[in-house]
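Chain naming follows the written order as A, B, C, D, E and F, and within any one chain the residues start at number 1.
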Amino acid sequence: MFKEIPDLLGPAQIAELKSIAAGAKFVDGRISNPYAKMKQNLQLHDEAAYQKSSSLITQAMFGHEDFRNYAFPVAILPPLMTRYAPNMHYGPHADAAFLQLGKIALRSDLSCTIFLNDPDAYEGGALRIQLGTRDMRFRGAPGSAILYPSNTMHEVEPVTQGERLVAITFIQSRIADSFRRELLYELNEVAALEGLRMAPENFTRMQLIQASLLRYWGDRP
Amino acid sequence: MFKEIPDLLGPAQIAELKSIAAGAKFVDGRISNPYAKMKQNLQLHDEAAYQKSSSLITQAMFGHEDFRNYAFPVAILPPLMTRYAPNMHYGPHADAAFLQLGKIALRSDLSCTIFLNDPDAYEGGALRIQLGTRDMRFRGAPGSAILYPSNTMHEVEPVTQGERLVAITFIQSRIADSFRRELLYELNEVAALEGLRMAPENFTRMQLIQASLLRYWGDRP
Amino acid sequence: MFKEIPDLLGPAQIAELKSIAAGAKFVDGRISNPYAKMKQNLQLHDEAAYQKSSSLITQAMFGHEDFRNYAFPVAILPPLMTRYAPNMHYGPHADAAFLQLGKIALRSDLSCTIFLNDPDAYEGGALRIQLGTRDMRFRGAPGSAILYPSNTMHEVEPVTQGERLVAITFIQSRIADSFRRELLYELNEVAALEGLRMAPENFTRMQLIQASLLRYWGDRP
Amino acid sequence: MFKEIPDLLGPAQIAELKSIAAGAKFVDGRISNPYAKMKQNLQLHDEAAYQKSSSLITQAMFGHEDFRNYAFPVAILPPLMTRYAPNMHYGPHADAAFLQLGKIALRSDLSCTIFLNDPDAYEGGALRIQLGTRDMRFRGAPGSAILYPSNTMHEVEPVTQGERLVAITFIQSRIADSFRRELLYELNEVAALEGLRMAPENFTRMQLIQASLLRYWGDRP
Amino acid sequence: MFKEIPDLLGPAQIAELKSIAAGAKFVDGRISNPYAKMKQNLQLHDEAAYQKSSSLITQAMFGHEDFRNYAFPVAILPPLMTRYAPNMHYGPHADAAFLQLGKIALRSDLSCTIFLNDPDAYEGGALRIQLGTRDMRFRGAPGSAILYPSNTMHEVEPVTQGERLVAITFIQSRIADSFRRELLYELNEVAALEGLRMAPENFTRMQLIQASLLRYWGDRP
Amino acid sequence: MFKEIPDLLGPAQIAELKSIAAGAKFVDGRISNPYAKMKQNLQLHDEAAYQKSSSLITQAMFGHEDFRNYAFPVAILPPLMTRYAPNMHYGPHADAAFLQLGKIALRSDLSCTIFLNDPDAYEGGALRIQLGTRDMRFRGAPGSAILYPSNTMHEVEPVTQGERLVAITFIQSRIADSFRRELLYELNEVAALEGLRMAPENFTRMQLIQASLLRYWGDRP
């Protein structure tokens, strides 16, 4: 359901992203969705800065083993840095099923927020995800990321003080269905943790099961 | 994901169930799962008391409109009253896919805890459900119920003081998949809330969509 | 099931296509399917004319909002102009599942006839689609188009007088299944027509439902 | 899509049903759906008459080979005789996904109208089924039946003169999906018509294919 | 694919079945399939003997743990004793998808032959299953059984000497698809063999995976 | 299940491949899977030789009509020549679900061994495929190929004398599921063999069925 990755970015990467953000233009977030009245934030609007920052984050994602193991990523939309100043928020909404940016077109299976500044630097501004009659709030440490299914209702609560700086992106997974994706992640984890203790012929049987589930549930290349 | 029903049982029903529990025998919960070392609780073991209490709760469930709308129930295992005295707990586990009790056989899609005594009457004893790297805790008011997907890892944390009295049961839904079930619930809710404002021909189109989704996703009778 | 688009092409486009057709070579339609004895028509066989006419029609299709909303098109085979002189016809047949033309390969979900000349200019020549023990006939006005599922048995009845000029093409939809595709079209239409009257939170719920159905039923990019 | 069965009932059966209808009470059709404002007809309301008439029609259905071959029926709701006097009609609507009548619960895959009196005996009153931007009208001869997918929008147009007498029912098929059901019907028909001409080993291969498709697509008993 | 159970029946059961067979009437096998020209064998035709023998074998099947683990049986057609005298055979054929015998209706997922007499007591008479361009032959020891997917082309080769005595039956599995059924069998086997060596939390994760796969792939009760 | 193609390569092609193999470097097969302890063989490790040999074999595969009809191939991993000297073997293993080599990424549905030298030139070295409690062994003639589902447990038994020279590859099929792929192959074969004898309208119905099954079961381009 939820996957928090505490160390997606290291201090140097965070510093670089903050430096890029500091020197670049941010505009009203409705530029990318003019009809979304409940969207009140600022997003990076500088081609060079976008190219540089998104490429840095994308590389960090594909380079992070636990991220790859969990998300089975096949495509990542270039992450976009976003600011929330006081009173800004993004009301409850659903992420689109399919997204396109230039030549990258993908199905959004997982939504991802990468936290860039300290949660103590702002008040409010939690990512809130509805789970029926309950909800869950996220205000991560710098460099951490939260992954959650794109088909959940979620919002960014109003920032009441300070500034929230995050990057957001959307991931197409090899396995569209959340439950199945997490089940295979679990099986792979168990096989990795217990494999050495198993009789070799049973480990081989596990591998056949893992490959078969990936074949059943995974989109073809 | 989670559905809390605050008023599944009324005060009279709660009182009756407590009275049944007070006069009946409870035995080690491993009677119904002898291999589950992590199961340490007491469960009702008295045929007449079980018949009476389970029938009372089952009727309350089928009689509760919001429960029916959410769960699309086709079968409910007779709910079983369970006690947790201090130090008792039920470690993390998965509920079985298929359950049988006498002539009732069902697929467990939704698991349900009905809280019977005041959460102030005990310490600890939360129902804890894992959601990847996060979790969610439930300690409901008497008469309230929590529904959650049976394919989640969950546990009852140790009771440290007092006694926890609940009833637990398992529900086969017309719609096996949680996401689809909740999606149709949402669509039905929106149609109910907005139907009167809609042009009649559009409301009729909504009804065709609702019926078609139920037909696609619902198990046949 | 059937979608007639009355205004796919405007008068200027029709005139241009007719002018292209007037100056180009047409050959026996069996050139593209030599084993189809029941295929007796003439099809455009001139690279420049094909390039120009197919590009004009394809642009008109992708530029037509109601077409896009209905068909969820991801690929369109370059439309081919076809003539039926007296006694010509195309007997009952099924369209192939997969088609390839140069680098364009697609699954044919929807078949499309674009009518180019006046139905009064010829007799017979109806597109006839079988629906079990019933059928449906189409002889459209110039510039209109008819979309129907490729997995229906259909034919062009013999032209008995005059000449029938049409363009035909095949469309791969984001959503392969006809019933599901039309259901989502209907839901989107209702949301568009009734959205302004809805409570905002209910409109947002509708959007989550729409995105979720598209994600479930749509092919990944 | 549509299956018309010209001879579901013979003259004696029609006469018996008319005689039952003549002597029995009919009431406002909203008795079975009080919220359906667009439902204005009269339906049989007499237990003995219902028992007798529905049993007669059900037997005729299960006894009709082409009906069985086409519908793969597993359950039929007891057919209900319905009258439309002048100005009565049943506006556009969708049939429910699941129906229950006493102990019979079924998924409605196919809807069925059995015509009982002469179409010359009334004006208007056509069963009209929408097919996107087109529609199809049915006014059958006495004893004939029309089967159509329950997930289509349909209506009974106002009777303007005379009286329309029909029986209506709903069928759960072994194969829920219309396209797949009709495909297997077609394959079975071809095998039946061509089997004697085939090499025995190829006919046997056909039988394996037929059995396999039925196993894939059919609900289990 | 293939599951041979060497010890489905013990010596006493085999003796009892042979004794039942010796005293009962057998008739031409075409009695249960008059159109099957390639079916030339003799089958038990004695109600009491059938009742007794089928009940004995069915109990042995449901009582055999490895059979249950492999087949996930939900229904078994009463096994029928069958004899092949010299020159008898059953040509290549496909087993029907759905079978009915009295009140027992089932989908045949697995076909089963139980061998009752010594393979040295006859020549020929192998159960031959086609696997594309290869095949596999079975002539089992008394009391052994062979299970194979019902959707394979198979035959009984002509007996050239002696007599072949078997019982045959058909099994509806909880899991219709052969690959998925065997995959879950494998996973369950590995969990059973390796579970004690695993860290308890990983064994619990395995159990969640096992229950989830059964829920995904299993028919509801 | 199994498809043996006796004549995938002709004598000239076999000679050319042997000549390429004779002049090229082979290295320990663990180079492409360092963790596979049970992999003990030698594989071609020479870019030019790999390019030439794999291109020759791939062309032969796409050019072989029966291969195309059976496998519905959409991608083939460049076949790799492999040697097994005495004592070499490849223990039981499962092939990966997804494979990538340079720009070619594919789902492995079918695994393929192409035999290049005479089975009399070596002892042992059979390709052994497990089928539950049974297995099947393959030692093909030069130029022949064996296709089998990638989700089977298989191994190369130890070579005890001489040398085994094969090429191996993996095929993504239009139809992922083995049973469905083979069913459509069978239907296409029957239609091809019996089509001329059929009434034309029945042959056309068959074509609609064939196209529909390919559309249902085939991955989109």
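As a convention for this text, a contact is a pair of C-beta atoms (placed from the backbone, for glycine too) under 8 Å apart; a residue touches a chain by one contact, two chains touch by 3 or more.
All values derive from a computational prediction rather than experimental measurement.
Contacts with chain C and chain D are shared by B, F. Touch-path distance (fewest steps) from chain B to chain E is 1. Between chain A and chain D, the least number of touch steps comes to 2. Of the two interfaces, A-B and B-C, the higher number of touching C-beta pairs belongs to B-C. Of all residue numbers that take part in the contact between chain A and chain E, over half occur on both sides, making this a same-residue interface.
Chain C and chain E have centres, each the mean of its CA atoms, that are 51 Å apart.
Chain E and chain F have Cα centroids lying 32 Å from one another. Taking the mean of the C-alpha atoms as each chain's centre, chain B and chain D sit 39 Å apart. Shared interface positions of chain C, i.e. residues touching 2 or more other chains, are given as 151, 179, 205, 208, 212.
The list of touching chain pairs reads A-B, A-C, A-E, A-F, B-C, B-D, B-E, C-D, C-F, D-E, D-F, E-F. For chain E in complex with chain B, the touching residues are 174, 200-201, 204-205, 207-208, 211-212, 214-215, 218, 220-221. On the chain A side of its complex with chain E, the touching residues are 179-180, 183, 186-187, 189-190, 193-194, 197-199, 202, 205-206, 208-209, 212-213, 216.
Interface of chain C with chain F (complex): residues 38, 91-98, 100, 105-109, 150-151, 153, 172, 176, 219. Listed in rising order, the residues of chain B touching chain A in the complex are 1-4, 131-134, 136, 151, 178-179, 182.
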